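Alright, structures below, take your time with them.
In the two assemblies presented below, chain A is common to both, partnered first by chain B and then by chain C.
Let's turn to the complex of A and B:
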């Protein structure tokens, strides 16, 4: 069986103990009676990590706490071994792509990114700004104000200002929003390159397709709580109690369905055509191990076995709905 | 035989910055410069330049008029009209308008647009940020509290009506600079305090104007009706810095109280306004 997901970059090599760029421990944040983040803990290593969750799940609040912008109500955040809230120097090693759309709209992109470079103590901030704007495919000499840019261009300006000082940690809040498909591919490649070069990149998103493309390590936040974390496929494999749906094409779908119900740990079968059935199973490993022998015993020829929910959408729906 | 072409493929991947790095002073200077540009409408559409240009020009009109008179009339007649301390009364409207316009523009806008979050995500502390912003606002205010008087001093000196001798010139120059500092400091902190309390620029601007008007009405009503003595007039915030400036120039004070009371009241109000700004920003959550 093959996953329908797009190829993801190889996970980075494990870091030496104690060198984790981001360590979040029992982190909570509440605003009055509203709990935005509730007791989440995770560690992020160099490479790309996706912070996944629906709108309002607490992703942005978590990122702001990691960036040192918002004090936690409870728990601790350590970035590169320091507290970003207290240690201003470590903030110079963090790049933040916020969701805000109105940042200095009247400025030119070059001026805005240069300012970001100066804020992060670059001597040749304009030179660095020119370089990073070219990297995100924007013209550094464009005289137009940022307000006249398309949403995708503004996203790239924000990414440029976060990268201008070559941060060791990049926190990007929904960076792919508003990009057209070509820009999106370029941005994903850029983020993957950053991860591969050793930068610790945390990308939040509520779009599952994006997350699947960005990296295989996923942190899932739902309703302020950590719903799951780890390799996407690993998360899925750990959920033994979750039903899996598999489409099977065979020469005799009805006969194969009956045999699978009896011998392959299958909970239910739905025959949609003479040569096609959909199988529900709680034990996908047992199913994988037995389907071939069951089909052979029933004298049915297997044509195709296709998982229907081996994508992030299914994992996410299950985790949030639990 | 292969043909050579002038073609080059650029590496457009992520490249690290390998230049020098500077200190927090450069970062603060950037915030200061950027804020001044924003306040004056530089590199912005023309409509953003109108208010600063008009208010600043208003402050120079009396100086131009005085110098014009000095050129036309005989020096014996003009000598009687030279009144540097009195000039602060003529620029009060410009100072108020500029504070009400620029103060909220520099602070409230940052919070409303999310720029404050961007600043705080950098190695700047809130103290650095507020210091740079206060310096920017004070610098802009110097254009109406300091520069017109320097312009007047320079003009009078050119037409032979300046102070006699180097020492007197330096004393007057010192008083002009100190007067500009007193008025700019007061208006800077008032503007920043109002802008700290609300993200809405219009509310902050109205708050600055209303605070000055309300304090004046309240102080004068209490003085007239309750007959509690001249000290109550120290609550007239608009007059407080001007009273200190008049004492600095050794002209007649506005409020009939001992100097220590006037200076003490001004110091107290400046401390209170600074405390509002610092307290407000220390407890402020970055939510954008």
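Let's turn to the complex of A and C:
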């Protein structure tokens, strides 16, 4: 599938036509024989947009092309109307939270973020650095070098350096990685607030729950291709509406299979043992709602119900293969 | 200001304790050898400028310049934090300039102090002045070239050693034309001209040495900037 589908309409663009912060057109990137990103197109408006996909799907490569860190093999990227790889000025309006772990390890967080502010030509870079470090809940007066920081703290330093110049576009590659639950909630709130204030925030993640909390708009990338785009609920529905395979263990598999076919929205049943069957259904919600009552009516004891392909990888595979 | 800020950070990053100690030890070794020569009465055949040339300009200066200069951009590529300069609204030539100047600032004391001391121990005032001038030429030219090398490959140390040992050490000696493309021709010529010692046949004159050094730095800087503009950044 090369053209993405929208399961539900995306939120209306708040900006005037032609002023979209990020426009990606037929973007592809390959490294030798390996295709990392294949012909994806999308537009991102102010607010939070989540780039969802499994590890190795091409999310980071797409973000790197949007930031201008690597040139596309094919297609174009426009950020705030400019080519981010060539235009010097537009780089001052982009903030990037990279996935790379290494910062300037020998520096203090304050020095590192101040340098970022200075190179973005802020008049009071240290003041801005102190403010943004406090925003990400780090002590600006911490004397320790960044090398001594935990992963979560380094993650917050990365966010601080990306925000110190108050960018119009924030690109964050897996920004919640390494954060503890409380920091995670704080970071999510921060990202939501940025989006609400009109910043165009693109956040990549391979965790569905994170995306649900983060963003109203979701771009699903799998195997380098755009699998779907729309609001989170539309994507969630799309994922749930796919065919599901479920293994059921019960005291009488044959009898339960017959009853499920008749009453529980089941498309097919295969009995693999006297106490085990595999069910195919397009309506997993209906199946979940009815299986207990169907089993009870058939006087069959349910022993186990286990989805066989409920992991994200299989969901993404399905979306790509539609 | 951008250049100065980046240069300060690069200096702190490059001038690690390990590097400074290791390079200082090599310089100290040269001084020890110089002291030993001085005390052993080397005789009338000993030409101080030849010793300064052999130890200082053929081995010490290019080696120290290689270790420090390849680390300026090379370390950032290896540690994948170049992006924190690369994605700022500044010209990439400023990154090049900051790296090159950072290398020079670290190299000047690391090289000039032991070379000056060594020159004073084994030779005359002219010998000491010659090795200092030759070292400055070497610092400026080698640092530009090796900074560029660090931007191209993570094996810059190995490639640089091959250049020093194979190209400068062997191939450049085969013909005068090949010698023109070896930096040590100009560092040695500076020493030869200042100390007035015949180290080479028909060494380039001072004006040529200055022009070539500037040209090498300029071309290496342009290539480094081109590399920064076109590279993939992690």
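Heads up, the rule we're going with is that the second predicted complex is superposed on the first by the 223 of 322 C-alpha atoms of A that agree within 3 Å, B and C clash if a C-alpha of one lies under 4 Å from a C-alpha of the other, contacts with A are read in each partner's own complex, and residues count from 1 in each chain.
The rule is simple: a contact is a pair of C-beta atoms (placed from the backbone, for glycine too) under 8 Å apart; a residue touches a chain by one contact, two chains touch by 3 or more.
Here the structure is a predicted model, which means the values were calculated and not measured.
On the shared subunit chain A, the superposed partners chain B and chain C overlap sterically.
When the two complexes are overlaid on their common chain A, residue A:100 makes contact with chain B and with chain C alike. Put simply, more of the residues of chain A are touched by B, taking chain B and chain C as the two choices. By the touch criterion defined above, A:115 lies against chain B and chain C together after alignment on the C-alpha atoms of chain A. By the touch criterion defined above, A:304 reaches neither chain B nor chain C. In the superposition on chain A, contact is made by A:70 with both chain B and chain C.
When the shared chain is aligned, chain B comes close enough to touch A:131, but chain C does not. Of the candidate stretches 5-13, 59-67 or 149-157 in chain B, only 59-67 runs into chain C once the two complexes are overlaid on chain A.
Counting contacts as defined above, chain A residues 64, 67-71, 88-89, 91-92, 94, 96, 98, 100, 102-107, 115-116, 118-121, 161 meet chain B in one complex and chain C in the other. Residues of chain A that touch chain C in their complex: 64, 67-71, 88-92, 94, 96, 98, 100-107, 112, 115-116, 118-121, 161.
Across the complex, chain B is touched by residues 31, 64, 67-71, 88-89, 91-92, 94, 96, 98, 100, 102-108, 111, 115-125, 127-128, 131, 134-135, 137, 161, 163-166, 190, 193-194, 197, 199 of chain A. Those residues of chain B whose C-beta lies close enough to touch chain A in the complex are 12-17, 19-24, 26-27, 29-31, 34, 43-45, 48, 112-115, 117-125, 285-288. By the touch criterion given at the top, residues 1-2, 5-6, 9, 12-13, 79-81, 83-91, 232-234 of chain C touch chain A in their complex.
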